[in-house]
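Note that the chains take the letters A, B, C and D in the order they are written out, and that residue 1 is the start of every chain.
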Amino acid sequence: MKVKVVFFASLREDMGIEEIFLQLPEGCTTDSLLEVLSARLGEKAVSLLCGDSVRIAVNQEMLDGRAHLFENDEVAYFPRITGG
Amino acid sequence: MKVKVVFFASLREDMGIEEIFLQLPEGCTTDSLLEVLSARLGEKAVSLLCGDSVRIAVNQEMLDGRAHLFENDEVAYFPRITGG
Amino acid sequence: MADIRVQKEDFSIEDEWGRCRERMAGRGGALVAFTGLVRDLQDDELMGLYLEHYPGMTEKSIETIVENASKRWSLLDVVVIHRVGKLLARDQIVLVLVGSAHRGDAFAACEFIMDLLKTEAVFWKKEIGRRSSRWIESTSDDYSRKVSWSVEG
Amino acid sequence: MADIRVQKEDFSIEDEWGRCRERMAGRGGALVAFTGLVRDLQDDELMGLYLEHYPGMTEKSIETIVENASKRWSLLDVVVIHRVGKLLARDQIVLVLVGSAHRGDAFAACEFIMDLLKTEAVFWKKEIGRRSSRWIESTSDDYSRKVSWSVEG
């Protein structure tokens, strides 16, 4: 299944990437997504995604914990929002 | 001495007068002004000025009680203000 | 710092807003504007409002309110425009515009000024009906809002 | 009822104010507008701000704030315009415009929406310097203002 992963703000800059489309096996979760990203972007990049202040949204809904992913899901990683 | 007396809002309408210039003896107070007004405008008009909700300002300062009047003073009678 | 006007003419939010921004220059971070409008009158008999003021004393009463606000909060710019005379439904009655470095000061001062205008400003209001007219009084809600600011008098 | 826009372009208070008045027609008695401005940057090295958003999610986060305001207060019209991209000193950043029958509702809702935007809206801010740039975080004051509204989360 195809999943889109997007990065924002300092994470986008630090990782040097804005978005990536990945082919994942069925039944993949946000946890296993990290392993795939590690293989594609390197361990250092993925260590940034595991920082305390990093938030995850799936299909533009904030995620608390982990979630199963489905075809055409959009996963976003970003630092703590700073508001309007 | 010359004193100007002005009336506002419902008082102006009920008394049928907007302003009047009076010659008063020296040493006149806001109390003795009422007697002069009574002679000029009639007792009924002056009874309106003695209503509970009537406020008096001398030279555009709210008066609490009575005050001595001086040459060119402006005395205003008006109902309770209703604000902006 | 404070620009206080009592006038028959309508006002332009664009003009006042722009001038306030210019006067604050780069010091202003927050701008709060309040406008009161005449609502449609529920009673078909009513045609509008008539506002009377006491030239000089009314302006002074507004100045006192604005001075009190300036003592309580850190303000950069204040504009109060209050219309008088005959006003119809949907007309603008009053504009209170407050500029400050921070939004907390601007919000509080704008609301304070508006609440105090309702009880302390020297105006008298009359409802103009098709057949008769009636002078109106401040509501008890207006007085309780004033009291909530712990203002004496 | 709510008009929410996230855009690079500046906005015109005159246009938004006028449209809000029209939409409220004769039901509106109070209109409160807040605008946040970029202040002059104290540090000579600073050139401006850069605001980033997440198209779609940012708008939804603002909608949620406005919905919460609409549950708490009786509102007739709400406009929120938030700029993104590069902003310079004295630029307008955000407009919150709230129309209501009564001023208490309009003031409270406008301040609530603005306070919640500061902590809940999906934006990231960067200070752009001549030599370097820096992503910034919400202040603790912003969080305490949010808590004062007894909002969970």
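What we mean here is this: a residue touches a chain if its C-beta (ideal position, glycine included) is under 8 Å from a C-beta of that chain, and two chains touch if they have at least 3 such contacts.
All values derive from a computational prediction rather than experimental measurement.
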{"item": "Chain separated most widely from chain D, comparing mean CA positions", "value": "B"}
{"item": "Distance between the centres, which are taken as Cα means, of chain C and chain B, whole angstrom", "value": "28"}
{"item": "Distance between the centres, which are taken as Cα means, of chain D and chain C, whole angstrom", "value": "24"}
{"item": "Between chain D and chain B, distance of the C-alpha-averaged centres to the nearest whole Å", "value": "51"}
{"item": "For chain D, residues that touch 2 or more chains besides their own", "value": "36, 114"}
{"item": "Multi-partner residues of chain B (at least 2 other chains)", "value": "none"}
{"item": "Every chain pair meeting the contact rule", "value": "A-D, B-C, C-D"}
{"item": "In the complex, chain C residues that touch chain B", "value": "36, 52, 54, 56-57, 60, 62, 82, 93-94, 114, 117-126, 135-138, 142"}
{"item": "In the complex with chain C, residue positions of chain B that touch it", "value": "6, 8-10, 57, 60, 76, 78-84"}
{"item": "Interface residues, chain C side, partner chain D - complex", "value": "12-14, 17, 21, 24-40, 89-90, 101, 103-104, 106-107, 110-111, 114, 145"}
